[in-house]
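Each of the next two complexes has subunit A plus one more chain, namely subunit B in the first and subunit C in the second.
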Partner chain A sequence: MARAVTPAHKATVTFFAWAIGLLIFFPILWTILTSFKTEAEAIASPPSFVGFDWTLENYSTVMERSNYFLHFLNSVVISVGSTLIGLLIAIPAAWSMAFVPGKRTKDVLMWMLSTKMLPPVGVLIPIYLIFRDTGLLDTRTGLVIVLTLINLPIIVWMLYTYFKEIPVDILEAARMDGASLRAEIIYVLTPMAVPGIASTLLLNIILAWNEAFWTLNLTAAKAAPLTAFIASYSSPEGLFYAKLSAASTMAIAPILVMGWFSQKQLVRGLTFGAVK
Partner chain B sequence: MVWRFENDRLLCRQTANLEEGRSKRLDREESMKFKSMLLGAVSLGVMTGLVHAETITIATVNNGDMIRMQKLTDDFTAKNPDIDVEWVTLEENVLRQRVTTDIATKGGQYDVMTIGTYEVPIWGKQGWLVSLNDLPESYDIDDLLPAIRGGLTVDGELYAAPFYGESSMVMYRTDLMEKAGLEMPEAPTWDFIAEAARAMTDKENEVYGICMRGKAGWGENVAFITAMSNSFGARWFDMDWKPQFDQPAWKDTLTFYLDLMEDAGPPGASSNGFNENLALFQTGKCGMWIDATVAASFVTNPDDSEVADKVGFALAPDKGLGKRSNWLWAWSLAIPAGTDNEAAAKKFIEWATSKEYLELVASKEGWANVPPGTRTSLYENPEYKKVPFAEMTLQSINSADPQNPTVDPVPYVGVQFVAIPEFQGLATVIGQQFSAALAGTITAEQALQSAQQIATREMTKAGYIK
Partner chain C sequence: MGRIVLEKVTKSFGDVNVIPPLDLAIEDGEFVVFVGPSGCGKSTLLRLIAGLEDVTSGRITIDGRDATELPPAKRGLAMVFQSYALYPHMSVRKNISFPLKMAGLDPAERNKRVEAAAKVLNLTDYLDRRPGQLSGGQRQRVAIGRAIVREPAAFLFDEPLSNLDAALRVNMRLEISELHNSLETTMIYVTHDQVEAMTMADKIVVLRAGHIEQVGSPLELYRNPRNLFVAGFIGSPRMNFISGAEAAKHEAATIGIRPEHLAISKTEGIWKGTVGVSEHLGSDTFLHVHARELTQEPITVRSDGEIDIYHGDTVFLSPQEDKVHRFNQEGLRLS
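Our next item is the complex of A and B:
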């Protein structure tokens, strides 16, 4: 029986949901507002919320000083590329772990996750040396490889939990009808897991888009994505908040828009299944 | 900060391992060299006929003078049509981590690096930088300010060319000083500064007599307090590398700083670094601010500063012991050893740090925007002498001596730092202690006691203390 929901209860819940939502969104809103202020207004105390002279000066300065589109293109190639390759590897891996688990499957999953527990700087020098010797420093290929490897455990884990929700009987029925392994994965499993795969895809694009350690440390001029673009506007000496905010807004705008349009898939994917 | 410290330590350890492994790698490098020569020969064959401009990659920090240089790159490429320039601008700490990784692994990502007076002696000694002693005569190497040049020279070799130099000085509000009935001498003592700060403070109207750095960090509060401690007769280490934080001079320094900040400093000072204090001073909330000379052009700029026409300058204070509390820093351009484009990189450095470059900036943006503190001839220029902070900047730079920074002798080079690789990690932790003392969570004695313990432990581990 559904629990009775009183209007007052509903209003309170709505109020708190909005309050928490706004609280989480506030830093981003503040960044966007600051990007339209002058440097002097950006540091003014007490700060003004909307009653300042709106200016686009920071955006034009940033556009003039940096090659935004190069960084943007790099970000797109790196995040989408690494996620797609990751999915190609992770779908068969997650399939085997979910439907044909062996004695060590749990251990393998744990071991994969454990690679995320090492601070990245711990392997910076070895990876830097490998990249130097293979000529991958400051290349998009190099970053796609590194980000694929870094996000692979998360992709496998997410897909594994989604696949676990799918009744194995359906796959067996397909097998009885004579479907090959390839056909089973492509025509039976994948369509059923689309919400899960979509949310994994989106989440990983966001993770790769925001990744700031490897993208900063393995690039110089050519392959630097938007994280490097933001980092070029911070400074310990001098006023930079407004320009930095403009750069940040430009860097998060594409992913924010993408997230907005795909929020349905994101939410569905993250809440997919009975136990989540 | 903790994260960064851990990073630094890991990086240091890895770098050390790298050094050990280097000799073993030589054989492999020989064969690699052969392979790359082969590759080079093949690609040369392919490229024959193609006129290809050489590209140099320059890593730099984000500050006004560097951004101006980026804008003026056209002048360089017009003079050197066969060289293309690519810029990588990064925040100071990111840049430091990035170029350290690259140079330690000989990654070869950059042809010109922007580094400070802290890195040059350490990297120069490691053989990581190309000597610039062979710059042409027209460059007039002897024109570089002696204090700055000294900080960039190791065993007679100049390893980096200064792009701009800075020291620290007192910036004060002339109107508030007058209101307090005091007159700022050109070379004040700490006692005068304390007296004036307390007299200028009007907490009800949010006017605080003095703003000083309190934010933890080796380039933030540690730089300031170390330079201050030099004037109080304190030092980081004695001639046997034994930490000196248990000595009375350090206690005097820290107590003086904490008492003054409590009486006349702004609230929440333990999170104030350069930028926070700049914002406070520009909005009229500080009576005095002791910080980098480069701030002078910010606080006197009427576009950003509400107090632009009411600022006076004085030398950083002393305690009558013969050393002032000003530091010395120079952002400089250096070439990592092993770059393929050494000649082009040298040409660029020669252009960016030349006398002609200073004139170029002056012609486009006015003399006040010329990168300061590198050349004697600039301070002899009658046009530049008209800039209000020019003379004080020169005097401040000249009164700092990185080879001889303290009252008692020390085994290290550096005014507001100790030019040893261990300093960054050590000073980060000690800076947190000083910042905690300012926030009031620990006492000055406790802060110094932990500083002494940490320094003794690290220096023993690193092999300085036998």
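Our next item is the complex of A and C:
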């Protein structure tokens, strides 16, 4: 028998759902609101919600002081580039682990994940030195390489779980139908895995977009993405909350819009495997 | 053409030897059924022929050509899977034409062949649907369509009917048999259902633990099973086995008598027993008779549908002497 849902019960659940949703969204909302305040209003106590003088002054200052479009472009190149290269490496890797597993496949998967358990700061100095000696410091190429490597375990794991869901019979049928390995991957595996590949792609773009440790430590000006752009407004000489908020808003806006339009794919990606 | 020969083929998974050295010849145009209990290696054998598994040792030739090392795509065989294994993202038309596309045929020719296959299989109205929008029987037909369009040297069927309901299974069985009659192409069919084996096969291969127990036409296996395993496996309901004194009278360790070769009477006969459960099928009645002096298992008797015998009745059974199968201590047939 289905559980009875009384109107009161439903109202309570709805109320709490909204409350939790707003609580999670609040910091972002507050950042956006603060970005439209003057510096004085930004630190005013008690803070005002909407009853302040709305101003675009922070945005114009930020645009004047930094080259937003350069950072934006860097972010796009680094996140999209590292994700695409990651996918190119991960699709064949996940294919072989899912469909022709060997004795050590599980170990390899665990080993790959274990690299994510290492605190990045532990390898910062060696990587910094390698980058310095190879001239990769403050280059987009360098960041694409490092972010590809950082996120590769996650890409492989996600694709592996998606591929595991595809019945082997169908791939074998393709083989019987005369498909070469290439044709099998292009015409059968990939189309069936498109939802999985799409959510992996989106999630990794977001991860790479927000990655701050390596992007901050390995860049100075030329290749600095939006994370470094935000950081440049939290200077030790005194925080300018309103300008920092404006910079943050400008940094998260593109990814927020992308996330909004790809919600369906993302939700499937994030809750994947929860119900089967 | 489709003559398939297996010479000393073996298959091991790690330390487990699933197929011991095995020899088998399948003639062009034959309908061969591999039958056996689950885990007997029948599907593995089919997959070895398909090329989906590599043989551990031995040789497989198709039409005289050594195919042992050939990938599945190069063997010229088509396979129908138990799960249908249709491409869910393609329409029925694209599913059926996929092997033709892989073979590099031009679109006009592909379309012609797909339309022809669809007509044979009553799929014309469904060509633009996706597999998800079809019933089980229709999906099975699409899988068969995908196999026939490329005119393979042989068809391989891996328990194709086990996902269908009983009525549909009988229909599809007939359709596959008819297909075999019209195409006259070699077909290898794997099933655990001995009724499918008996009704469809030209030649049955009975397998147990990777060994071939017997190869022969359905009636040969029915009439002259080589050992107790085949005798018990082929025929429905299964053969009754009696050992001990009664078997010794026939100079055998065990005798077997099929339910349809026993006469039942309330008044006279050779073996006395009590009727237990009777199964009334309308056309036939299967009576399970307890005769404890002969065997602990109830003896199954096939009788006509209108028989006037009930639970608890004392009855007499008389075997047809010329239909009694005799087996020695090792379970092998005594002629």
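Criterion: the second predicted complex is superposed on the first by the 254 of 276 C-alpha atoms of A that agree within 3 Å, B and C clash if a C-alpha of one lies under 4 Å from a C-alpha of the other, contacts with A are read in each partner's own complex, and residues count from 1 in each chain.
Everything below uses one rule, namely that contacts are C-beta pairs under 8 Å (C-beta built on N, C-alpha and C of every residue); 3 or more make two chains touch, one makes a residue touch a chain.
No experiment lies behind these values; they were computed from the predicted model shown.
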Worksheet item: Once the shared chain is lined up, is A:Leu137 touching subunit B (first), subunit C (second), both, or neither of them?
Response: first
Worksheet item: Touch check for A:Val121: first (subunit B), second (subunit C), both, or neither?
Response: first
Discussion item. Contacts for A:Leu29 in the overlay, against subunit B (first) and subunit C (second): which applies, first, second, both or neither?
Written reply: neither
Discussion item. Just to be sure I read the superposition right, which of the two partners does A:Met192 touch: subunit B = first, subunit C = second, or both, or neither?
Written reply: second
Practice prompt. For A:Ala11, select first, second, both or neither according to whether it touches subunit B, subunit C, the two together, or no partner.
Written response: neither
Practice prompt. For A:Asp169, decide between first (touching subunit B), second (touching subunit C), both and neither.
Written response: second
Worksheet item: Looking at the overlay, does A:Arg65 come into contact with subunit B only (first), subunit C only (second), both, or neither?
Response: first
Item to complete: Kindly classify A:Ala19 by the partners it touches after superposition: subunit B alone (first), subunit C alone (second), both, or neither?
Response: neither
Fill in: Complex contact set, residues of subunit A against subunit C
167, 169-170, 172-180, 183, 187-188, 191-192
Discussion item. So in the complex, the part of subunit C that touches subunit A is made up of which residues?
Written reply: 50-52, 71-73, 77-79, 81-83, 85-89, 98-99, 102-103, 146, 150, 156
Practice prompt. Give every residue of subunit A touching subunit B within the complex, in rising order.
Written response: 39-40, 43-45, 65, 119, 121-122, 124-125, 128-129, 131-133, 137-138, 216-217, 220-222, 224, 228, 231-240
Practice prompt. Can you check the complex and tell me which residues of subunit B touch subunit A?
Written response: 6-7, 10-11, 14-15, 17-18, 32, 57, 59, 61-64, 67, 70, 86-94, 97-98, 101-102, 104-110, 219-220, 273-275, 278-279, 282-283, 292, 294-295, 298, 303-304
